[in-house]
Amino acid sequence: MEYLPLMARITRSLDEALAPITDGCMLAVPRETSGVAMAATRALIRRGVKRLHLVALPTSTLQTDLLIGAGAIATLETSAVSLGEFGAAPRFNAAILAGAIHMRDATCPALHAQFQAAEKGVPFMPLRGLIGSDLMAHRPDWKIIDNPFGNDDPIVLLPALKPDVALFHAPLADRDGNVYIGRERELVIMAHAAARTIVTVEEIHETDLLHDPLFAAGTLPGFYVEAVAVERRGAWPLPLPDRYGIDAAHMSEYARLAATPEGFAQYLDRYVYAKRAA
Amino acid sequence: MTEFRDEELLADVICRLIGDARHVAVGAASPIPATAALLARERAGLHNSNRLYVSLLGSRAHTFFTDGARELFDCAGQGRIDVFFLSGGQIDGEGNINLVSVGDYERPKARFPGSFGSAYLYYVVPRVILFRTEHSRRTLVPKVDFISAPGGSPDNVVRPGGPIALITNRCLFEFDRMQRRFRLASVHPGHGVEEVVENTGFAFDRPAQVPLTPVPSAETLRLMRTVVAPMLAEIYPQFAQKVFGVAAPLPSAHA
Amino acid sequence: MEYLPLMARITRSLDEALAPITDGCMLAVPRETSGVAMAATRALIRRGVKRLHLVALPTSTLQTDLLIGAGAIATLETSAVSLGEFGAAPRFNAAILAGAIHMRDATCPALHAQFQAAEKGVPFMPLRGLIGSDLMAHRPDWKIIDNPFGNDDPIVLLPALKPDVALFHAPLADRDGNVYIGRERELVIMAHAAARTIVTVEEIHETDLLHDPLFAAGTLPGFYVEAVAVERRGAWPLPLPDRYGIDAAHMSEYARLAATPEGFAQYLDRYVYAKRAA
Amino acid sequence: MTEFRDEELLADVICRLIGDARHVAVGAASPIPATAALLARERAGLHNSNRLYVSLLGSRAHTFFTDGARELFDCAGQGRIDVFFLSGGQIDGEGNINLVSVGDYERPKARFPGSFGSAYLYYVVPRVILFRTEHSRRTLVPKVDFISAPGGSPDNVVRPGGPIALITNRCLFEFDRMQRRFRLASVHPGHGVEEVVENTGFAFDRPAQVPLTPVPSAETLRLMRTVVAPMLAEIYPQFAQKVFGVAAPLPSAHA
């Protein structure tokens, strides 16, 4: 895989920024509370993206359920999918029961370790636990070795996970493509592990984020970022840390509509194809 | 005696199980354990004992983590999390938990969200408390259909952690790691031993006389309702509303 | 090893904060540019600390040379020791030529990987490179295995490094022992890897560092910190990022004096035993 | 022809070797490569070509790293550093470098600072430029006493990186990775081929006619002296002062 640090650019349109997310690519996205690019997700569905290998680090909610329901996902790799307090993820559950997607069940720290392996440019990362879990039986890519530093000490090795594209939503980016991610540091690991990183942000910060030490400490350098698009409330209806909370009323409406294929189709018409953003 | 809700009783029981830990972490979708952890922190504060750190996954106000989603698991791997909570779509008599699916994994009859961090945290956190509010033969089964994480491991597997108890809407079980078996510790007020036996799909030990689960004190209920409940509203708005009548924050509340 | 998260406390005196650094313990310290606790280092020498296993992540300058010259070090584990632009590290070189310390030569990314292994609670971490370097011949604790995910693909495994104490200097700490480290994130890994962490700071920040999202993104939580002591210009004569630069005149003076045992003794009298801090 | 200093000539040569890379990283104690990298960035900027990122280890102003000391190495492991620089107390004809000691490792005659990141970066950075301003039989030896990092590796060792050239105060060598051998590419003005042979401890190839190293243009010297030199003063105050007469910043300059 190539890692080409291109000059990060602020794109004129969201669709332009999302161009590298092609049918069949491996796409990495973060957990609900870390900044999910929902406006971008709706744009991808409008564009009709197909056969995605979606990797949610380490879990997912609405974003994954929406993409599954829209038929955009061939393979899903994550540790859990639900709507949190709003109940089960209806399209995820339906797809699993119908065998409509290939599920690669993981566990949170395993996914973190696999991204860290890619970040470090090593082929694998060890992890405790896992042995005796049925997850192992269904993940032939996870291996058990005898710890060379121990004595009869089995330990699991997990292969590096190198997504083609990482996609998330953040509060700020500057003109150099530096992105403020604050405490959501798994976004940094995602960007380091992925060949390309695409970010939507609430707004453009007009001064260099790296110049101010306070901002710099929570900034992903533009060096790792291929494209940035501005999308106000781009995580809606999901929360954006320190900016806005989850839209509980909307989540309840989604849970209700997505319970049936017909209701889900209505949801898509109303909130995705109608380009309604908020 | 003060009136209380089932959730308040369970939180009180869990709070006693937490004891005097240094760091209690609570995962996603665990409002009752979160209530118990925050309650334990308040109590520790009141009694000027050692500071209790509480980390609520997904919370902004009630976690100290600043290193991203990875930190919870690294922290546990360092031996720095004393108590964690796990549930299961199915839990069996050996403490195995199933968070994945019912029936054949390739052709499941029902699907649960997934294993979350259980396949790691169950092994490395010294005191894992299992909780399942629905106590039935559907949830407490002889053998889980899928082992997200096993209740025990062979001696050669490095495993400092594992289950210490299972709390349900009917009773409290304690877990014996040597025998890999549950023992009925107490039955909640309004429930009986026979009822527990009838509704439990696995065999378990029990004393001749099964004690009644102590009810929460007025002071405990006051702490829960006045101090803890408002904290819960941040990440469990629906729960805080339903159980404690605390208004959920508006979406703009974090802004 | 025990990891006891004690309640971080602001100590009344530097010596009280340094009490856990006992003779013979494994002490981890950062590189010159990341915040070296030089005031604390002088206090340790005054106290007469002995037989330290010093691990400098990943390199060191004045701090290590001073500790070696003062006879405080039994084992040194790092990737390089010099005075940077001010030339060779005289006491380090003299000790190596005299065989006075046990040197464990490393390479920077290997040390980072070994601390990350401890941070993750895994027994080892893989790393590319190293094969064919004579470093391997002198590090029996570094092993080569055949990558289980490859085919005739030798790769090095490095054991986790768990220091007894991590010691560094930072700009700010609050009353809960939360420490602002900004971009110097290897300090976070050091604290996660070490059983105990001791920090000196320029000043106390009177509000909760975790409460302000901008500060929080660059803050090591007090949960990991055992003791904090306030030492103004505590990194002097070394730099503190975004606060002050290196004292070039003093470094030149040190390089000149430390060139001979007599000169080094004079330096200790003048700048260490005289308790002169700046 | 404009007067120039040796350091300026070497920086100009290194700048040409850098070519149109995307990311050039410079380690500690490397003022001349730092000059070359900053010069290359200025040139790229002038010619509106693809942006060149430069990372100077230890600099605050001239690096984009925000993830701590680890990031440089992880970045290289990701294949995101195109050019890096290494030196050696000893360098031999196979491109092996010694940053550790002279004589027996257990009883050294002389000690160097240590291997820094060489035992990793030499393997993973595609284009490593070796530089050693002292060109003598003491530094350029038949066989190094200690291999901090080897010039080449067996075919089964994953190694995308390695040396492409060696620049000294006398000449420029290019490195042939297949043959693991240096070839004399050019001799600097004021120096001769025989002088190079006399002062080199290892055998190397050379063409019948060895070209003269081109001298820096007036424009290049202007860029170095007016734009690059002030940047260097941040981390190489002594060097900036000596070579370019730029005043070193006071300790308070960072405050």
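Lettered A, B, C and D in written order, each chain numbered from 1.
The rule we apply is simple: contacts are C-beta pairs under 8 Å (C-beta built on N, C-alpha and C of every residue); 3 or more make two chains touch, one makes a residue touch a chain.
On a predicted model such as this, the values are computed, not experimentally measured, just so you know.
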Computed distance of Cα centres, chain C from chain B, in Å: 40
Rounded Å distance between chain B and chain D, as computed from the means of their C-alpha atoms: 58
Rounded Å distance, chain A centre to chain B centre (Cα mean): 28
In chain C, residues with contacts to at least two other chains: 116, 120-122, 127-128, 153, 155, 183, 188, 216-218, 241-242
Sites on chain B at which at least two other chains make contact: 65-67, 77, 124
Pairwise touch network: line, ring, star, complete, or other: other
Chains that touch, pairwise: A-B, A-C, A-D, B-C, C-D
Residue ranges of chain C in contact with chain D within the complex: 30-34, 57-59, 78-82, 84-85, 88-89, 92-93, 96-97, 99, 105-110, 112, 116, 127-135, 138, 152-155, 183-189, 239, 241-248
Contact footprint of chain A on chain B as seen in their complex: 28-29, 58, 60, 65-70, 73, 77, 99-101, 105-111, 113-124, 146-150, 153-154, 156-159, 236-239, 248-255
Residue ranges of chain C touching chain B (in the complex, touch as defined): 2-7, 118-122, 178, 188, 192-193, 210, 216-224
Contacting residues of chain B [partner chain C, same complex]: 22-23, 50-51, 53, 64-67, 74-80, 124
In the complex, chain C residues that touch chain A: 113, 116, 120-128, 143, 145, 147-150, 153, 155, 157, 159, 181-183, 213-218, 241-242
